[in-house]
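Take a look at the structures below.
The two complexes that follow have chain A in common; it is paired with chain B in the first and with chain C in the second.
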Partner chain A sequence: MSRELVRYLLTRFGQLLLIIFVAVSINFIIPRLLPGDPVQTALARLQATGGAQNVDIQAISAAYRAKYGLDAPLLEQYANYWLDLFRLDLGVSFANFPEKVSTMIGNALPWSVSLLAVATLIAFATGSLLGARLAWPTAGRGIKAFVPLMMILTSIPFYLLAIILIYFFAVVLKWFPPAGGVDTTRIMRLDWATTEDILRHAFLPCLAIILGNVGFWALGMRSQMVSVLGEDYITFAEAKGLHPRRIFVWYGMRNALLAQVTALALSLGSVVSGAVLVEVIFNYPGLGSLLYVAIRGQDYFVIQGVVLMLIVSLAVLLFLVDLIYPLLDPRIRR
Partner chain B sequence: MSLLTSLRRNYQQGRISGTLLLGLGILLAIVLFSAIGPMFVDAVNAQVGAVRPRRPPGPEYFLGTDSQGRDMWTLLIYATPNTLKMGLIAGFIGVGVGTALGLIAGHFGGIVDAIIRVISDALLTVPAIAILVIIAGNIDRMNTVIMALVVASLGWMFTTRTVRAQVLTIREKSYVEVARVNGESQWEILFTEIMPNLMPYIVASFVGTVSGSILAVIGLEALGLGALDEMTLGNTIYWSQQSSAVLRGYWWWWGPPIVVIAAIFIGLFLTSVGFDRFANPKLARR
Partner chain C sequence: MSAIQDSKPILVVEDLNVHYDTGKGPAKAVNDVSFSLRPGERLGLIGESGSGKTTMATALMRLTRAPGRIAGGSVKLDGRDILKMSNKELRETRLRDIALIPQGAMSSLNPVMRLEEQMIDAIVAHKPGMRRAELDARVQELLKNVGLAPEVARRYPHELSGGMKQRAAMAIATSLAPKVIVADEPTSALDVVVQRQVMQTLGRLQDGLGAAVVLIGHDMGLIAQFADTVGVMYAGKLVEIGPVRQMIESPKHPYTRLLVDSLPGIEVKRELTGIPGLPPPLVDLPPGCSFNPRCPLAFERCVRETPLLQQVAPGQSAACHLYPEHAALPPLPPMTRAHQELRP
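Let's look at the complex of A and B:
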């Protein structure tokens, strides 16, 4: 590893730590900036809406005050907040007292991660391929018709596409289940029936995310390809007499993909934001639905925990993309 | 030269593209719909229990009614301007704050620049909905203006980034050098030399910010964090979800708001693509 590469990695790691620091601090500060005691307010609202008749509000409140020392100076609270995070202690749920928030997040996380990872990768790959194909100098009229379609798909929020998909494929045609992550009666085992059930439930949410993203990648790739194909090294490769396909794939697409990976890092945030809502629409058992249920039930610590989880896992993902980058671009490695 | 001849010349040069006209046309239609619509229908019909519930579209109720007894057509007419209003307020604030921060960062540089850059870069990569949920969830009495402010709090980073990058390019231009040698002050240079050249970028950022803000507003509302007693497109989606309108086949409940929302986004998207071509004549010749 050269010195530049080490420096690059260290800078990126520093950014990761910075984002986590900012996220944790925002999560800590915002509820305390607003008037009133966040826990009292949340509990009062919970009581008012009748969401917690079966829990002892006083017990939760007292336990919370003792544990977090809400009357202690802000700086001390802040330090305690960090200490708890290091112990992976995100507090307990009000609505499902005394279940730990970390357990609830742990149950939801695999659903979200696998859905989002598969959907994003498929959208990225097909979008980039289609975009490159669109930039091919002799692209026919048939494939050019994709451009306006891609524009429309990019501009519509994909959780609204999700509603349309549910209506046609789950309500009208009944090809796929309309909601959930798995049949409610299924006992989870490692067998084909369970896998098939999970895949059937994941299909529509996955499709919604793919349809909502593929246009973005196709349009981005197309404009990148157009500018890359105008570079001098392409002319040079042509002059050498290389096969057009070889020029297109190894000189064109390879370089255009670099910008696509950068765009991937920058757009992950909005993809996650959209995916949260897709999960809500499908009642998919991931972080998005957990967040939604927590918001509806004023479940203060669950909301905070999920939000923190979203921010931190995204920061880690960005860091991973940054790690892949030197593999793709030798200029950074040197 | 009159505005009309200038427009015609721009059109002939290919700077005003069909894309831009189509985008602006769609937006104009939506604005007219939300400006004129309320004059012709009575808001009373959009209140809970005003009409017979769960009627499909027909001669009596043009777009049907929802299961709480609201007339969908009336609801749509009053919801659209509210959603647009939130997008515009958030857009103006986001672009205003973003431009100011970008100018400060790019023009004065140093430690201020570093702080602004680090914060905006960090916030750009965070999923906006996560932070907005925390803010919106802690506000007791929500209304459309507060909603717009909440969304605007994360709507400035992209503008800041663009403006800062442009200021850094423009300040090295020779005409800025000339102004400096002529003894113009820092502020004079900023407002008379740099600002006018930023306008295309600010307008483009504005279109993008309005679009992003409406997206965020509708997202928060769909999660049930909006001003639930006000009529907006996102709230309509929320209520239809609450009543399982999709599963029960009441397509007229969620369909029309989705169509209007899609039209808003497509209009904004086409406008921004077309505006690129208008602001950057090099693209027009392609």
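Let's look at the complex of A and C:
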């Protein structure tokens, strides 16, 4: 058992490293396949705004290329890229010049991770519970009314939902701030006032993600649960005289959740990209907003850094799901 | 046998009706079925696919699910009607007094729980105060009773063979020494060698517990070996019931006769006969006796009037209009042209 487990873990870890290697390489190659390069783009903008002379441009361009190592052969650049990565050096931002990309990502990351993790977990847990309850034969009319509501919520895109929420709760009712991660005048300290401020700002974006996702989880769980409840082991559990609550949780939900966890793993990518839009709308200081601003400003190194970050974190999350899955389903513990 | 006949019945089923609601009206899968069972008695219920056997087995434990519905009758276990119990009483009665050995033993165990957990949760549901050590000891005892090794307790269902799963289901079903065991085709997915072992185990368990058994199946040979009493079901109705020897040697209902004739004999080699035609659709039963379109002895009354179960010999009843006018079943005429055409 334990030897098999070790082999399983090693295989999965190897896959994780492979995914990261491929992702990093693609992230290196793609921008270099595009016509033009960051230096040209930056200089073109400089030219448009500052009106510099043509002669100067050539010299500046060469200087920049040397500075960023873009004049070296491709393989050498690739090797340097990896070396930089190991030193956590993702380059510098063009838009906010001397600022390091790694610092910018470091500042944005905690906001995104906490928002996404909390919202996704709440949506997954409540959605699954609600879906399971919907499939249970004693589901009343009250709870069944959730089905059309869920369908509407899943079909409305995140960003529209976010706009509606801002309008009602921030503009009309003024219960929550409309944007930002924390009050602009607040000095961040580890006290209750700061925490409350952060939570108040996080509430609406969190709600938007939850509302946008909960229907997906509920409807998926409902169909899983319906098929599980038709299984012979449910009938046999009833014949054993078990309490319905035990059958619901340990025979019904426990089995229906297997497919849900798979779906969670598969949908992590879209959860992350959906959250990017939510962050932009709420002007939330996370990775999503950082990416958005970087794309608008053609801030290549920042884009590259954030995308790399997203790919790596997705790979790590999938790895974690893979680790959890055999605990849930003994049949794949081989 | 005589001891069985003297004692008071433990299970009395009266006018049980189970319907499946369909767009064309109710399909009467169990239609006015009555029988009783004494402690220690082994009743075999036999019938073709779709004759209502499994529907009956689930109804006996009130496990009928939509679109099925128990439309009437009573199932009295030790005088208490299972069909009228509160949910709590029903839960307490299941497994403790009446237990099910399920048809699909392959899929009757929860795939994500170890066998011992599934055995223990059944026991704990009825005896909440038991200590872990006692439970473990009980699990080992139950596994031993069905011929499984102690280490099987720690396994998951996918690590067991079909025969082992069936034994495990039997261990669970007998864990509280029930008074009645309903075995719904317990050997349907097993090969003949394992079938025999499983049936022997079931017989041994039943002897040990003194429980009554309702064995449901379609294999006349298997049932004849196991049962004391045999009931024959056709299109949702019990058409004949009686002691196993009498049922085989002198069946009174033409359908039973045809079923017995369709068994291969070992000593006498003869051409096997099937029963021409197919059972009728349950939503659209023929008028009168449901068997009349396939019956070689059908006469005018059979189309007009539904026969009721009546005593035709000591301990033997049949639902057929040939009685009481005839003392025994007249010889079946060779198949007529019309019957030949009914051959599938």
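The criterion applied here is as follows: the second predicted complex is superposed on the first by the 301 of 334 C-alpha atoms of A that agree within 3 Å, B and C clash if a C-alpha of one lies under 4 Å from a C-alpha of the other, contacts with A are read in each partner's own complex, and residues count from 1 in each chain.
Criterion: a contact is a pair of C-beta atoms (placed from the backbone, for glycine too) under 8 Å apart; a residue touches a chain by one contact, two chains touch by 3 or more.
Please read all numbers here as calculations on a predicted model, not as lab measurements.
Participant: Name the contact category of A:T154: first (chain B only), second (chain C only), both, or neither.
Facilitator: first
Participant: Once the shared chain is lined up, is A:L75 touching chain B (first), chain C (second), both, or neither of them?
Facilitator: neither
Participant: Kindly classify A:N27 by the partners it touches after superposition: chain B alone (first), chain C alone (second), both, or neither?
Facilitator: A:N27 sits against chain B, while chain C stays out of touch.
Participant: With both complexes superposed on chain A, which partner does A:D232 reach: first (chain B), second (chain C), both or neither?
Facilitator: Second partner only.
Participant: Touch check for A:L242: first (chain B), second (chain C), both, or neither?
Facilitator: Second partner only, chain C.
Participant: In the superposed model, which partner reaches more residues of chain A, chain B or chain C?
Facilitator: Looking at chain B versus chain C, the one contacting more residues of chain A is B.
Participant: Go through the superposed model and pick first if A:R331 touches only chain B, second if only chain C, both, or neither.
Facilitator: In the superposed model, A:R331 contacts chain C only, not chain B.
Participant: After lining up the shared chain so the two structures overlap, which partner does A:M188 touch, if you call chain B first and chain C second: first, second, both or neither?
Facilitator: Neither partner.
Participant: Kindly classify A:L318 by the partners it touches after superposition: chain B alone (first), chain C alone (second), both, or neither?
Facilitator: First partner only.
Participant: Touch test for A:I164: chain B only (first), chain C only (second), both, or neither?
Facilitator: first
Participant: Which chain A residues contact chain B in one complex and chain C in the other?
Facilitator: In the superposed arrangement, which is not itself an observed complex, chain A uses no residue for both chain B and chain C.
Participant: Would you mind writing out the residues of chain B in touch with chain A in their complex?
Facilitator: On the chain B side, the touching residues are 118-119, 121-131, 133-135, 137-140, 211, 215-216, 218-219, 222-225, 237, 241, 246-247, 249, 251, 254, 258, 261-262, 265-266, 268-270, 273.
Participant: So in the complex, which bits of chain A are touching chain C?
Facilitator: Those residues of chain A that touch chain C are 137, 231-233, 235-243, 246, 250-251, 254-255, 258, 328-331.
Participant: Quick one: in the complex, what on chain C touches chain A?
Facilitator: These residues of chain C touch chain A: 58, 61, 63, 65-66, 90-96, 99-100, 102-104, 107-113, 121-122, 125-126, 156, 158, 169, 172-173.
Participant: Which chain A residues qualify as touching chain B in the complex?
Facilitator: 15, 18-19, 22-23, 26-27, 30-31, 34, 38, 41, 151-152, 154-157, 159-160, 163-164, 166-167, 170-171, 178-179, 265-266, 268-270, 272-274, 276-277, 280-281, 291-292, 295-296, 303-304, 306-307, 310-311, 314-315, 318
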